[in-house]
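Shared between the two complexes below is subunit A, which has subunit B as its partner in the first and subunit C in the second.
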Partner chain A sequence: MLSAIRNRFSRLVAPLRERLQGTPLLVYQLGILGAVVIEQWVGKDFARTLAFRKIPKLFGIVDIFEPFSNLDFSGILGPFFPSPSMTVSNPVSQSAGAIGDLIQTFVNALFYQGRRDPGFFSVLIRVVVYDLVIYVLPTLIIVLLLRGVITRFLRTLPRWANIGIHLVLFYLIIVGWGGDGGTRELVLIFMGINIMLSVSLNLVNGYMGEFSVGHAGFMAVGAYVSSVITMVLFADTRVFGPPLLPPEWGLPFGFIIALIAGGIAAAIAGLLVAFPSFRTRGDYLAIVTLAVNFIVQGVINNLEVVGGPRGLNGVPLWTNLNWTLLFTLISLGLIYNLVNSTFGKGIIAVREDEIAAELMGVNTRRVKLVAFLVSSFIAGMAGGLFAHQLAYVNPGVFGILKSTEVLVMVYLGGMGSISGSVIAAVIFTILIEALRPLAVLKWVVVPLILILLMIYRPQGLFGFRELNLNLGMSRSASRKKIVTSEASDAITGD
Partner chain B sequence: MPLLEISHLTHYFGGLRAVSDFNLSLEHGELIGLIGPNGAGKTTIFNLVTGAYKASEGSIKLEGQELVGRSPHEINSMGISRTFQTIRLWGQMTVLDNVRVAHYHSIRYGLMDVFLQLPRYQKQEREIEEHSRELLRLFKLEHYAYEPAMNLPYGVQRRVEILRAMGGRPKLLLLDEPAAGMNPNEIGELMDFIHWIRDEFDLTIWLIEHQMRLVMNICERIKVLDFGETIAEGVPEEIQNNPRVIEAYLGEQGEVA
Partner chain C sequence: MNKRLLTLVLVLAIILPVFGGLPAAAQDECDFVGEAVIGVIAPLTGDIPKVGESTVQAAEMAVDEINAECGLEIDGENYEVIIVVEDNESKAESSVAAATRLIVDEEVIAIIGPQSSKQAVPTGQVANDRETPMISPWSTNPNTTLDRPWVFRVAFLDPFQGPVDANFAKEEFGAETAAVLYDIASDYPKGLAENFRDAAEEAGIEIVAFESFTTGDTDFSSQLTNIIAAEPDVIFTPQYYNEVPLIVQQARELGYEGPIIGSDSWGTPDLLDLCGDACNGLFFSTHYAPDIATDVAQTFIQAYEERYDERPDDVAALTYDAFQMLFTAIENAQSLEREDIRDALASIELFEGVTGIMSFDEQGDPIKCAVIIQIQDGEFTYYDSACPPGFPPEDMGSEESGS
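Right, the complex of A and B next:
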C-alpha cells in the first residue's frame, strides 16, 4: 500500500519535477530566503488564523507530537514492582487497567483532548497547511520565477564569486530563520555541534573503516579543557575565583584559543586510540575506544578541581549561532580537503586493504595517526562549543549514550560520506527535538530507526557517495565533475 | 652493481623452514621467472623482498642498500612495487584513485598544505593526477578512470593492478602469478603486455608463474624452487630438460608405474 501511495505521489509531482530539473542550488536558496521573509512578515498572524498559539515549532514537527506527551507507560509494569511503602493487591488487574487508560489517552491524543489541547490529526492538518502556505508555495513560486535569470547569471560568475554568493545566501537563510535567540537558534546550534561530531566520527568509522564507539570521550576532553581555560582566564567564578585576564579579551580571541586548545587536548587523548590502532583493528580496537571513553569519564569524575561528578558550573555562555556556523564550516572544510587529497585517499585505502596499502607505499601508521588526531580534534572543538552553550558540563553527559547518538548519525547518513553525515545530523537533531514530548519513549524510537535502517538500507542514506550540489557554474569555471561511486549499489544489489 | 642482490636469504615460520639459502643477483633490465610447485616458498620470497615479512637470516640489497628490517612502505618508496596472487585492489575506490594512492611516497606536502589547499599541495596533486592519467592512457584504461575497481571484469582488474604498481615509478616490478585465471588467448596478450611495459618504462621484472607457456616464452632466466630450496637455475631450455625440475613437478621416475 505504501508503494502505491508513493507511486501516486510521484506521478502527481512528475510535471513539477520535470520543470525543476537542473535548477541550480542558488535558486532554491533564494526561494527559501523568500519564504523566511514571508514568515517574518505574516507568519504569526497566519499561525493565529490556524488557531495555533504561536508559530509552529520546527516546521510544526514538535507540535505534531505534543498531544502524545500525556502518555504514561509506568502503570503497565509498575504494579509488578511496587515500592516498599506500597502494597499492590492484584498487579495483573491494575496493569490491565493502566493499559486501558493508556489506550484511552492515546485515542484522545489522536482525535480530541479538550478545547485547549487539539488532537494529533487536527494539529497535523493545520501544520501541513502552515508549511505549504508559508514555506513550500513561496519557495516554489520564487524558484519558478527566477529560474531562467539566475541560471544565466550564474554562468557569468567566476568560481570564488559563485561559492561566495552561495555562502552569503546560506548565512542569510540560517540567521533569518533561526536567529531568534530561542528554540530555533538552540536547535541550530546543536545541529552544528552534531554535524561536527558525526563528520569527524565518519572520518574514522566511514573513511578509515575502523569502529570507534567512544567519540563522546574526546568531546568531553575538549569541553572540559576549553571550559577551564575560559573560566580561569576570563570569568569570575566560584570554582576558580576572579579572572586572570580582563574579561573583555575573552571574545573573540579567548574563545577561539580556548576552543582550539580543547581540540588539541582532545587530539592528545586521541593518541590513546591511535597507538593501539597500529597493533590491532576491528572489534578489538572498538573495545579500546570504548575503554578510552570510560577512562576519560572516570578521570573527570575523580578530578575534584573541575567538580568531579557534580560537574562544572559557570562556563561563560559564549556559543551562539555565528560561532557554531563558523566552526562547523571550518570542520567540514578540513575533512573535505583531507579526504579528497591523495594523502586522504590513503586513509580509504587502509579501509579497503591495509596490507596492500602498506605494500603500495602508504605509511599506514601515519595515515591512521592523522585520521584519529583530526577526528578527535574536531570532536574536542564540538565539545567546547557544547560546554559554552549549556554553561554547565558534567561527566555523565559524555557517556556511552552520547557516543551512540553520534554513531546513529554516522550510520544513518552513510559511511564515507560527508554530505550524508551532515544530512543525518540535521535529521537526527530535529527528530530528537520533535520526540522530546514523548520523554523516555524517545529511546525506543531512535534505536528502532537504527534497526530498521540496518535492515532496509544498511549503507545509510548516502553510503560511499556524496550529494552533488548544482552550483550552476559554467563548464570552464567548475572543476572536473565529481563522479560518485556506484559501489554501494553493487554490494546491496540496490 | 646489480639492481637487486639477495644472499643467503632464509626464513622460518615457527619451526618450518619456508625459504632456505636463497641467492639471486638481478641486473637492470632483466626479466626473470621464479617457478616451483605449490608451497615451494615463491610468494614468501616476494613477501620478504617487499618487507611484508622480516627475513630470519640473510640480506636483500637494492642498489647496495639493505632492505631487511625496513617497513614495506619504505621499500616501496625505494623502487620496488608488486602485484598480488589474488587481486588486492582497493575495491570501492575508483581506478584513478587507486593509481593516485600509489603515488603516496612521492607526497612532500604536509597536513597544513592539505587543509589550506596551499600552492605546494595543489602543484603536487596536479602532478600526481597528470601522471596517473598518463598511465591510464598508456594502459588504455582511461575510460575506466571513474569506475570503482571492484566493478571491473577480472582481466581488467589484473591490468589495473599492474597499472597501480607502476604509479610509484618503480625500478623493479614483482608480478605474483599475473596469468592466474586467464585463458590461453589472454595469456598471449599478457606476454606482449609484460614485454611492452618492460621496454616502455625501462623496468626490471621478476615474476612468479605457473603457466609454463608464459614463463618459457618471456623469461630470460628462470629459478626453480622446491620446499624452500633452489633446485635449478638457468635459461628456459636448460630448465625444461633438468631432471630435478621434472622430478619436482611430476614426481620421481619409476615411482608411478
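Right, the complex of A and C next:
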C-alpha cells in the first residue's frame, strides 16, 4: 500500500521535478525568503483561522507529537516490580489493565482528547495545510517565476559576488524566520552549537579515522573557562563579586575574547588526547578519550570555586542568533579549508593507512596534533556559546550522554562529510525538539533511529561525500571548485 | 485499488477533522476574553517523582478552582488560567532549559517552581535575568531569592530551619554531640547542613562528624561507619524521601541506636512506605501538619483528599499557596504584565495560606512558623511548633489573604 502511494505521489510530482531540474540554489533561497515574508505578514492570522493558538512550532513538527504526551508506559511493567508503597495483588491483570488504558489513551490521542487537546489527525491535517499554504506554495510559485531570470543573472556574476549574495540571502532567511527571540531562535542557536560540535568531531572521527567518544569534555572546558572569564571581568555575580572591567566592554570584544579563550583552553585539554594518540590508536584511543571526558568532569566536580557539582550560576545571557551564526560559519570555514588543504590530505591519509602516510612523508604526529587541537578548539567555543545561552553550567551536562549525542550526529550525517554533519545536526536538533512531548520515550526513539541507521545505512546520510550545491556559476568561475572536489574524491576513493 | 485508496484517504481527510474536533472556543458560562498562561516546573521524572506528582496535582486543583469561578478578573473581564507543565527530570540543567522554554516560547506570565533548591537556585537566576516572576514553593535555600527581585518563595529559609532543628536536638534529646550526613552535590542539603552545623555549635552541640556523599549514591556505609565511630548523640540528615530510608536502615544495620532527625525534605508520604518500621519514632521539621489544620488548611485538605484520594503533603500545600499568592497578586495588580505581577507580589505583606500565616521581608522571603513532626505508626503526627521571635503578629485577620 505504501509503495502504491509513493508511486502515485512520484507520478504527480514528476513533471514538477523535471521543470525544476538544474535550478540554482539562489532561486530556492528567494522562494523561501518570500515564504518567510508571507508568514510574517499573514502567518498568525492564518494559524488562528486553522484553530491553532499560535503559529505551529517548527513547521508543526512539534505540534504533531503533542497529542501523544499523555501516553504512560510505566503501568505495563510497573506492577511486576512494585515499589514498597504499592500493593499489587495481581500484577498480570493490573498490567493488562494498564495496557488497555494505554490503548485507549492512544486512540484518544489519534482522534480527540478534550476541548484543548485535538487529536493527532486533526493536528496533522491542519499542519499540512498551513505548511502548504505558507511555505510550499509560495516557494514553488516564486521558484517557477524567477528561475529563468536568476539563472541567467547568476552566470554574469564573478565568484565572490555569487558567494556573497548567497550568504546575504541565507542570513536574511535565518533572521527573518528565526530572529523572533522565541522558540525558533532557541532552536536555531542549539542547531548552530550542534553543528559546531558535530563538524569538529567529524574532523577526528570521520577525516582522521580515530574514534573519539569524549567530545563533551572539551565542550565543558570551553564552557567553564569562557564563563569564568565573562563573569569575573564583566558581570556582577555572587560567585566572583563585582566585575573587574566596565560591563559595557563585555559586548562584543569581551565575549569574543572569552569564547576564543575557552576554545584555546579546550585545545590545551585536547593535548591530553593528542599525545596518547601518538602511541595508541583505534579502540585504545577511544578509551583514552572516554577517560579524558571523565577527568574533566571529575576536576570540575571538585573545584569548589566554580560551584563544584552544583554548577556555575549567573553566566551573562549573551549568546544570540548572530553570535551563533558567526561562530558556526567561522568553524565551518576553518574545517572546510583544513580538510581541503594539502595538510588536510595528510589527515585523510592517516585514516587510510598511517604507516603508508608516514612513508609518503606525512608528519603523522603533527597531523594528529593539529586535528585534535582544532577539533577541541571548536568544541570549546561551542561550549562557551552553550553556557552563555543557558546562563548556567553544571558538570552533569557534559557527561557521556552529551558525547553520545554528538556521536549520533556525526554517524547520522556520515563520516568525512561536512555537509552531512551540518544536515545531521539540523535534523537531530529538530528531532529532539519535536519528540520533547514524548518525555522519557524520546530516549527510546532516538537510540532506535541510531540502530536502524547502523543496520540499513551504516555510511550515514552523506558518507564520505559532500552535498553538491548548485550555485549557478558560469563554467570558468566554478572550474576551480570542481577540480578540488575531484581531487578529494580521488583520495577518499569514492 | 488505487482509486479506492484515494477515495478512502479523501473521505478520511474530510471526516477526521470533524470527529477529531477542532478545539472549539470556550463554551462555558464564563465569558473568557483571554488566557493567563502560568508555567509549572516540577520533577516529574528522576529521583523524586512523588514531589512532581504532588506539584502537578496541587497546581491543577488550584487552577480548576479558579476557573470554576470564571478565572482571573481584570478590569471586569475574565481570563482563563492555563498551566503549562515542564518536567525538569530533577536536574538543574533541565530545569534551567525548561524555564527558558517557558519564558521565551510559551510566554508565561509567571513560573511556579522548581521545588528543590538544587534546581531553584540556578533557575531563579534565569527567571531573574529574563525578568519573569517566579515563585518556588518548596525551596528553602537562601540563594534562590537572594538579590533576585523577580524571584519569590513560599517556604521558610534554611537559616531559620537549621536553628529549629539544632534547638530541637538540644531540648528534646539533650544532645551534646551531633553528626551530619548530607549530599554535597545538591544546594538544599549542603546549605541546610551548614546552617545546622553553625546553629548547633552556637547552641553548644559539638559536631563530631560532617560527612557528605553525592547525588545518586545508595551505599552510605563508609560515611555511617565514620559517623558511628564518632559516637554522636544525634544524626541530622537533610535528605529527600528516596535517600532517607536507605540512610536510616543502613545506620540501624551498622548498630546505631540513637535518634535521627531530618528536615522538610522528609515530608513526602512515600517516605513512610519506603522506610517502614525503621523510621518509626523519628522527628523532622517541616512546613505544616495536616492534623492541626486551620480553616484555610482544612478546606484545602478536604478538597484535595476528595479529588486525589490521598493526604496532601507539604509540597502540595506549598504549591497551592504559591498559586493563591500569584492569583492574589494578579488581581491586586489588575494586569497580566510580568512587571506588574512582580510589583504586586513584592507588595504582599501578610498572607494566610494553607501552610500558615506568613509575612514577607525585603528579599521576598516569608517569615513563618515551622512544625516538628514525628513519624508514628506510618503517619506524620504533629509534635511541636517553632516560630520566629515575635511571630505571628497579634493584629492578624483583617489583612489581605488568599481566596
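One rule holds for everything that comes next: the second predicted complex is superposed on the first by the 472 of 494 C-alpha atoms of A that agree within 3 Å, B and C clash if a C-alpha of one lies under 4 Å from a C-alpha of the other, contacts with A are read in each partner's own complex, and residues count from 1 in each chain.
The rule we apply is simple: a contact is a pair of C-beta atoms (placed from the backbone, for glycine too) under 8 Å apart; a residue touches a chain by one contact, two chains touch by 3 or more.
Please read all numbers here as calculations on a predicted model, not as lab measurements.
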- [ ] Classify the contacts of A:Asn337 with the two partner chains as first (subunit B alone), second (subunit C alone), both, or neither.
- [x] first
Per residue count on subunit A, the busier partner among subunit B and subunit C is C
(message) If we overlay the two complexes on their shared chain A, which of subunit B and subunit C does A:Ile430 touch? Say first, second, both or neither.
(response) neither
With both complexes superposed on chain A, which partner does A:Asn363 reach: first (subunit B), second (subunit C), both or neither? first
Practice task
In the overlay, answer first, second, both or neither for which of subunit B and subunit C A:Val446 touches.
Solution key: neither
*asked:* After the superposition on A, what does A:Ser122 contact: first (subunit B), second (subunit C), both or neither?
replied: second
Between subunit B (first) and subunit C (second), which does A:Thr183 come into contact with in this model arrangement: first, second, both, or neither? second
Touching subunit C in the complex, subunit A uses residues 1, 4-5, 8, 51, 57, 83-85, 111-112, 115-119, 121-122, 125-126, 181-183, 185-186, 238, 301, 308-311, 313-314, 317, 390-392, 394, 396-397, 439-440
Subunit B contacts subunit A in the complex at 50-52, 71-73, 76-77, 81-82, 84, 88-94, 97, 100-105, 107, 109, 111, 114-117, 121, 124-125, 128, 146, 148, 150-151, 164-165, 167-168
Subunit B partner, complex, touching residues on subunit A are 333-334, 337-338, 341-346, 348-349, 352-353, 355-364, 370, 416, 464, 483, 485-487, 490
Listed in rising order, the residues of subunit C that touch subunit A in the complex are 1-2, 5-6, 12-13, 16-17, 19-24, 26, 44-45, 87, 91-93, 96-97, 100-101, 104-105, 107, 118, 121-122, 125-126, 129-130, 143, 146-147, 184-187, 190, 214-215, 269-270, 272-274, 276
